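There are two complexes below, and they share chain A, which is joined by chain B in the first and by chain C in the second.
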Partner chain A sequence: MSDHKPIVEIKRLTKYFSGKAALNAVDLKVLPGRIIGLLGPNGSGKSTLIRHMIGLYLPDNGICTTFGCDAEKLSQRELPRIGYVHQEGELLDWMTAEQLIRYVSAYHPGWNRELEDRYVNDFDIDLNAKVGALSPGQRQKLSILLAIGHVPDFLILDEPASALDPMARAQFLNLLIKIIQQKQKTILISSHILSDVEKVIDHVIIMKNGHIIEDQGFDDLRDQYLRIRLTSLGTSLPEEMPFERVLSCERNNGQAVLTLENPQIETIKNQAESIDCRIDFHPLPLEDIYKIVMSS
Partner chain B sequence: MLLEIDHHSGIPIYRQIKDQVREQIMAGRLKEGDQLVSVRELATQLKVTPVTISKAYSAMEAEGLLERRRGIGLFIAEIHSDKKEETKESIIGALLSKAVTTAIQFGVSQNKLEKMLKDTFLKYRKERGRESNE
Partner chain C sequence: MKPLTANLKTLYQFPRIWLIHCILMIGILMLLGPILIKLSLLFILWYGVAIGSITRGLLSKPFAFCLSGHVKEAQRIPLLVWLAITIVYALLFFMDLDHRYVLFVGSIGLISLSYWLGVVVIITKGRYISFATFLIIILTFLRNPNVNKIIEHMPLAHAWAIAFVSGIVSYLIYRAVGSKENVRRLCAMPWLGSVATNIEKQNRFNRERMRMNQNHKPDRTSPSTESLFSKRIRSNQNSTLLAHLWGQAYLTIGSPTNYWRGILIGGFWILGLNCFPLLIPSSETPQQGVGVVFGILASTGGACIFIYYRYAVFLLISRKEHLWRGVVFLFTAILIVLGFMVMAILFSNLISGVLCPIIFFCSPGSKI
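Then we have the complex of A and B:
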């Protein structure tokens, strides 16, 4: 973590499609050594943002630099340091898997044959199969291999694991962690399967309507919300609860479940005691945090 | 140092690590002056990113559980015995609160609960081959 220079730096980035802003004055810094989850509903601007980082789109307004280079000037020097798996997964269907791997690896002097062999073995890739005849899951595994074989400094995964079965997804996510641990790599992963990314990411970016509405460490985000269950030890719960920053409250029969923002644990414990209640703490899974952030 | 991470509990990873290390110190499994494994090593072991481990270590250092020796690494800090007692009481206190509030909800009396506590003590003492009480 010695080098803190951002991999990507975006300032006031705006992009229009048919007069509508797909990205609206977005600011972002991607710091090295992290696994970042890029979350948001369809059409929130995730893929548009990603495509700016690799020069596939150019800003209508604002700046986007990757490895210190303007998106439009990205060249032989920067591009090999990036790996990109995208949603459509366009591959050369008439080749065999082996041929396609050799074809792509020929472009990369730094191609890691050892990683390739291990990956082919671990993920059970049929090298002799025609690419066009692969199942969606097999196809996705192959795309991922083609994007990581040259061991990029910055790996971008746009919905990478959606076609994989749960076992393959778990395997794949463990592989990502390994890549990060061995070298100072950075991974940006956009996904709808929150319970998956929850296991690997250490930073969260949430997008909505072309804006970034959340950008912080995953642990910090988790600390920001808490669900508590109160159970009255007397006859019933008081009408007026003493808690602050309550996002939601459901109650019935001497019990209540509250979701709190920026909770002060000690204060909450004392407050629960003051109304003669037992309190149980239930931290929120990412999916619930995501829903709260999206609806606020 | 054997730690276990639950990714779906919703509890921040750095806090899971901190709580477990604190408990190991209180139980004497980690002792003052013991050196902690490096950030990278623990990250590999727990399958989380180094950024997360760094955060856990910093939080424990800020809390006085760890001390940094320049150029060498992080070590379990000396913790004053008063502070240690206080920490033990607060950990056990939280567990007792659960037992007591459950007893109240179930309508189990204080006498009955105290007897259960004694019996539980006896059971574990018997199982450990009559180790001395004090």
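Then we have the complex of A and C:
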């Protein structure tokens, strides 16, 4: 397979549930080596899209191919190349954590015992506890281990960190970064914790009402927006600001914070000078970009 | 709104509760007629279990422990229901003026005993003991074709004795329901109650119970079983279908060995309450017996499909493997259920063989 052949290719994918379109003519390509953040409000179609990629759902219209194979017909040749952390974290509650790890690892000749041992230690997983008796956070950690233990080429994480505490989330991000450092690993993360996601992703997909409304590199998306803080060097700020494409403006005692779309840095600097203001530039966090995209 | 009024809503607000009330009414009507008296008492007993379950649900709400008067009101629910049953039965009974008061007194005694036994099975601490008593009564009851005659005879012959014993037993159970020890024990204890069809809540309930039982030595699949199946899966890694078939066999056999207590109790519960024709001597209801066996196997099949697809996303496998895993699951589960049914029948024969001569002064199946 050539390096640039998409891992997942979706064309005009449509899926209805009870007559309502959960996905509406979605087009998407997941290229190898990308770390993609799949964002969107609840019910926007993220999990449905993911489930089509692994052949769990069948499309009503359109095509979904994964590793060059129709997702519906994915076989044991392609599926072991995928690691999937399921949103609901359904596991086998009656097994102990150790039994479950051994059970899943038995299917994978390439199971990485070293990674498993390190992960169990770092994440403090109680191997002797019944899976059903683990806390939601522990269950999620175990789900992640089961998804990464066989070192898949394509890792799909559907809400992987929602039940983790801040320390565990930080550990999880470190782990992701280590996985990312290995070449050609592709990761798709669906999450609502945007502050975490933005630390690792290089590509963003934002969904709304079954449509993809944004699909581009994270840096490109970030460059589209800018926050500036103006501090008046004179008496007060003028009533009329000279800036264009202002998305929001908050003024307070000789200071103003503006969010701008498609900013031209040099032009903005000149405009700030013209009204006798000092200017500070702040890139927008993903959470704010997300809010802007969703409200536009 | 007063606590009692609020709590009473549980008796009419949910659509499912009306089905339970209907079963009670059928039980009472059957008791008035000449047919199947033992089944009517079983229905009333089952109704007691349902009301006990509601009461337990009310007592298990964490806020209930501190809420002034709430415990007392929750305790009054089974009492009020018992009063309602008595009134309904009395009204229906005295519509026919030929009936004698003494028969009424004896019958009320039997109804009360059945009802409160159902309540106590669910609520009190010694519920394993009460459950065992409950099962023994049901199984003995069902295995003896003369029970109807004995029950018809008892309220007339020993009316006041039955009423007296039943009064004391009912009062003791009523006290036990609202006892401080019982209320403390039930507070915040997970309870499914009437929402057992809600899968999310069911999962939470099961996990909460597992967490609570962590201190006890957990049941787990034996290492030899685990190792046997793991080796089989590993050795068939090249033939993934075979590996998955071994894997599914492991899950189907391994799971019951972990839950054997629950499965044993739950299985007898289901058989005892819902599959009674299977336990009745074959000469009485051969067709019903076959129907019930078929019903149990069909419902096992349905449950298998449901359980299997609930965990379907756990391993990423192709549709072909899913299909064959499903078939293996269904096959092994039906084998287990069949084995269980045979065990249940043998167990009921054994119990009734020992107890029928003591309780009914005759051997099981013999005519008076």
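Structural remarks
Operating definition for what follows: the second predicted complex is superposed on the first by the 290 of 296 C-alpha atoms of A that agree within 3 Å, B and C clash if a C-alpha of one lies under 4 Å from a C-alpha of the other, contacts with A are read in each partner's own complex, and residues count from 1 in each chain.
One rule holds in what follows: contacts are C-beta pairs under 8 Å (C-beta built on N, C-alpha and C of every residue); 3 or more make two chains touch, one makes a residue touch a chain.
Bear in mind that the values here come from a model prediction, so they are computed numbers and not experimental data.
By the touch criterion defined above, A:H86 reaches chain C but does not reach chain B.
Residue contacts after overlaying the shared chain place A:H282 against chain B, while chain C stays out of touching range.
Legend: residue contacts after superposition of the two complexes on their common chain; A:I180 is shown touching chain B, with no touch to chain C. When the shared chain is aligned, chain C comes close enough to touch A:L56, but chain B does not.
Contacts of A:S75 after superposition on the shared chain: chain C is touched, whereas chain B is not. Within the superposed three-chain model, A:V104 lies in touch with chain C and out of touch with chain B [touch as defined at top].
Looking at chain A, you'll find no residue that touches chain B in one structure and chain C in the other. The touching residues of chain A, when paired with chain C in their complex, are 51, 54-56, 72-76, 79-80, 82, 84, 86, 90-96, 99, 102-104, 106-107, 109, 129-130, 132-133, 135.
Those residues of chain A lying in contact with chain B across their complex are 1, 33-35, 174, 177, 180-181, 195, 198-200, 202-203, 217-220, 222-223, 231, 233, 278, 282-286, 288. If you check the complex, the residues on chain C that touch chain A are 206-207, 210-211, 213-214, 218, 220-221, 226, 230, 233-234, 237, 240, 243-244, 247, 250-251, 254-255, 258-259, 310-321. Those residues of chain B that touch chain A in the shared complex are 7-15, 40, 43-44, 47-52, 54-55, 97-98, 101-102, 104-105.
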